[in-house]
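Residue numbering begins at 1 within each chain, and the chains themselves are lettered A, B, C and D in the order written.
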Amino acid sequence: MSETEVQPRAYRRPVSTWWWLEKRSYFVFAMRELSSVFVAWFVVFLLMLTYAVGRGDDQYQSFLDWAATPWVVVLNLVTLVFVVLHMVTWFNLTPQATVVRLRGQRVPAWAIIASQYVGLAVVSAFVIWLVTR
Amino acid sequence: MTKRRVEPILWLLFSAGGVLAAVFLPVLVVLFGLAFPLGWVTPPSHDHLHAVLGHPLTALFLFGLFALCLAHWAHRFRYTLYDGLQLKGSKGLITVLCYGGAVLGSVVSAVVLATVV
Amino acid sequence: MTVSHDVLLVGGGGAGLRAAIAIAEANPRLRVAVVSKVYPMRSHTVSAEGGAAGAIAADDSLDEHAYDTVSGSDWLCDQDAVEAFVDEAPRELLQLEHWGCPWSREPDGHVAVRAFGGMKKMRTWFAADKTGFHMLHTLFQTSLKYDEVVRYDEWFVTKLLVDDGRVHGVVAVDLMTGRVETITAKAVILCTGGCGKVFPFTTNASISTGDGMALAYRAGAPLKDMEFVQYHPTGLPFTGILITEAARAEGGWMLNKDGYRYLQDYDLGTPSPTPVLRSMELGPRDRLSQAFVHEVEKGRVTDSPWGPIVHLDLRHLGQQLIDTKLPFVRELCLKYENIDPVTELIPVRPVVHYMMGGVHTDIDGATPIGGLYAAGEVACVSINGANRLGSNSLPECLVFGARAGRAAAEYAATAGDPPAAIEAQAADEVRRLERDLLHKTDGHEQVSVIREEMQQTVEDSAGIFRTGEALAKGVDTLRELQQRFGHVAVADTSRTFNTELVAALELENMLDVAECIVQSGLWREESRGAHQRTDFPARDDERYLAHSLIHRNPDESSRLDSLPVTITRWPPGERTYGK
Amino acid sequence: MADSIRLQVSRYRPEEGSAPTLQEYDVPLRKEWSVLDGLNYVKDHLDSTLSYRWSCRMGICGSCGMSVNGTPELTCGTFLADLAPGPVRVEPMRNFPVVRDLVVDIGDFMDKLPRVKPWIIRDDEPEPDGEYLQTPEELDEYKQFSMCINCMLCYSACPVYGLDPDFIGPAAIALAERYDLDSRDRGARERLDVLIEHEGVWGCTFVGECTTVCPKHVDPAGAIQRYKLKAAKESVKAFLLPRGAR
């Protein structure tokens, strides 16, 4: 039990709404969190694609045309940047969040990170093979 | 005795979505967001794509991917609004909008995916 | 405002927290409180590095630990206290293990022990080289479990309330608010730690200002063996940051400017590549620090901006050992000296480290004042005599903290309520603080100036080697400084966290403690352990196989007398190392 | 190297009621001087009314945390020479109420700490005569998390704590993890009940700054994520398994 009492006169520095601009690391954090919006957007995009495919070749082609309009392309470029940001930060944080053990030995962080990139490569190759086959 | 709490479950869904988004989205964005529309790579034929999407396994997987990615978004975005914009006052509303959006999106996903199968 | 408790701990370091837990366990009905001028986990115990001694190894025995301690003390300790100490130390260290202290381990899961200076067996328990840190945090965190232990964090005790030979509480300043409060208690235990800051160059933290010694002394309790101040042979030259003795115990060498292991020239044995117990670098601290001075006289040391230095060589130990057993040493060297001990020599010089003397207590921590106890570095039980062995202090805090706690709990259970007279005393103290310090308008002396002069005076008169002449001169200078302190000005008039007021109060305490050190040094006309008089170079058991006791007279002058040493089983002999 | 460096020190006196102001002092620039040495120089030679906490000057007591040029640092381990030519802005740690000059109130942490029960919980059996055996590997499991000096730099770096003072915060959670991972402890269940609350681990959005600024490499961010995983596993069990089987 502590007998310290909070002084009513103590000064509390207000937190600014723009706190995440105060430091580079906070900004990166804010961008990382913002990446989720682009994740959601791309789910919507893929749903629209699926819907179009379900409605026949014409719809599919016009979806592709729509997807080639400048603002959609720009949006998806930005999406790519954010998705990559998400990927990199996620992979980097994994070793901090989990402890993996192999035969009693703690697997070093770099190995965990590297193995995720291997997984990424395999998955990407498979997806490319599946859709362009 | 652990009380039944939703927060851990939401976090698990968020994490699962995070992993899937990190592993699957980059290649999908490159292919469907850029390469195919811009013609860097010839887009797959409608028949082929329809066949792939129409396979029950693909559909099932895509449903999981979409639903979890949306859950990931909902959870992260909720905290971004709380902390980033300090919208503490409207906590309840934000929660409903975010997770509600994710649930709605998942239902839509199921319906849309069902149309191709 | 007045609050009251049954037992009050002044100090939340190793000794204080151990005592608090002992009381809570002995009698959960007692209202225990810990007053500390810093948050408990910031107490100076946190800096202890090397380890804590307790005989547990199969080839070790309590008698051997006792003998090493007695001979290390140059036969000036009380052997009954030492016997109790060595007997209870392992139990206390085990208790800490049960409370979660992360002791370093053997591969089979048993607690590991290491060698230490002046010890004939490996018996020093360690938690890498952050032993004090881990012990203190373990104690602090464990103490949180006891709801009955109330804490007054960042309260500075300025006075003991004593009436009719018995203590009834303290007056303290709550630093956050500046309020002066009376805390009454049936028993008070002083656990305020050491007083290294009376010297200019010390391993001690800034809070080690001998407050408890001064409080007790002014309240009428005598201080014992104050002339015995330990210099540690290996401090970093500028900061005085300690490079633990464990560095030598793990095999480090002391080299002079020629790269020569000079300790072999001072009766400390012959060099061997691997450490030999009670020999060379594993000799006792007094001897090693004295050897340094002789090397200076012979001109075999290196000059640095901070005075002469020698080197500690760990390079041959290899990175693996340094990183597992001495990681903090490496961290400190990299940070504060910009050198890497894996590949470079560490510059070191002797530095004031520990106070063997302190408030006179019996084996249960009781002082001559009823209800007043003392434990830890502030107290002199005594197990350290003329020279403490490294790693005996941390277990001393535990053993005698617990003993004092139990004794005080027993005392408090029967003691009555404080008499009305102490109200007046408390009011006087409030007035003194207000008038003499906070609201004095005519002061012109500066705390930092007097402090610096005091530190230099004590170093010049009561350093590693002393003479009657220098000590006498020191006494005079200190008297003058005490006079000048009467004119000190506290420029800060704020009530909130007034650290200048704290500095002034600490200086006042240090001036008293400094005087006791120098006076006692003047009194002891012999050389023993850490007290080396060049005008009396030999040990004189005829006259001085006795503790010094310094009392304060009502007129604020001091008076010295002596107390025989208790000898049970080890008659005085010659101190030999390296044999 | 110039021979002096300017410190811009935040001053606040509650009696005066207004917001903190910066006061400038020129102190000698010496190779081995830390920011703390600079402050001590100010206190001893320029302005005795400056208030701040310090004690060990060797990075172990955890008293001297301040914001140096906007970053939470132990001032005894941050060197003026590395900040030359200055000026060096020294302010109280963020996210805590400022009591006076560079002194903040950490009472909130002190109140939270006991809530995570940072002690060995094992009340089922009497203590053994000897020690609990613990192999060096078992020690390594929690060692890192036992290195926390309670310096509060992590709290002052964590934006979530700044926004939501109810959040238990990095160091307290790291300490809970320290005991959970200790092979001698059986209290994980009890601590879980505290940390599974909203103010427990869930407030943390893994900003990670706590780990970046931690001078003792405790990695509270890692501790919190691991705790989330543990809490999530337990919750799933609670959902799936019937009461008796847990």
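What we mean here is this: a residue touches a chain if its C-beta (ideal position, glycine included) is under 8 Å from a C-beta of that chain, and two chains touch if they have at least 3 such contacts.
If you're wondering where the values come from, they're calculated on a predicted model, not measured in any experiment.
> Give the label of the chain whose average Cα location is farthest from that of chain A.
C
> Nearest chain to the global Cα centroid?
That would be D.
> When I count C-beta pairs in contact, which pair ends up with more: C-D or A-D?
C-D
> Which integer distance in Å separates the CA centroid of chain A from that of chain C?
56
> List the centre-to-centre spacing of chain A and chain D in whole Å, with centres computed as mean CA coordinates.
Taking the average C-alpha coordinate of chain A and of chain D, the gap between them is 29 Å.
> Round to the nearest whole Å and give the separation of the Cα centres of chain B and chain C.
Distance between chain centres, rounded to whole Å: 63 Å.
> Return the residues of chain D touching two or more other chains; collapse runs of consecutive numbers into ranges.
In chain D, the residues touching two or more other chains are 14-15, 99, 105, 110, 114, 159, 163, 205, 228.
> Which residue numbers or ranges of chain B touch two or more of the other chains?
In chain B, 76, 79, 86 touch at least two other chains.
> Check each residue of chain C and list the ones that touch at least two other chains.
Where chain C meets two or more other chains at a single residue, that happens at 153, 176, 496.
> If you look only at chain B, which of its residues touch chain D in the complex?
1-5, 7-9, 11-12, 15, 76, 79, 82-83, 86, 88
> Please give the residue numbers of chain D that touch chain B in the complex, ascending.
Within the complex, chain D touches chain B at residues 159-160, 163-164, 189, 192-193, 196, 198, 202, 205, 228, 231-232, 234-239, 246.
> Can you list the residues on chain A that touch chain B in the complex?
Checking each residue of chain A against chain B gives 15, 17, 20, 30, 33-34, 36-37, 39-40, 42-47, 49-51, 53-57, 60-61, 64-65, 67-68, 72-73, 76-77, 79-80, 83-84, 86-87, 90-91, 116, 119-120, 123-124, 127-128, 130-133.
> Quick one: which bits of chain A touch chain D in the complex? Just the residue numbers, please.
Touching chain D from chain A are residues 1-2, 4-7, 9-13, 15, 19-20, 22-23, 25-26, 29, 33, 93, 96-99, 104.
> State the interface residues of chain B toward chain A in the complex, per the touch definition above.
Going through chain B, the ones touching chain A are 17-19, 21-34, 36-39, 41-44, 46-50, 52-53, 62, 65-66, 69-70, 72-73, 75-77, 79-80, 84-86, 105, 108-109, 112-113, 115-116.
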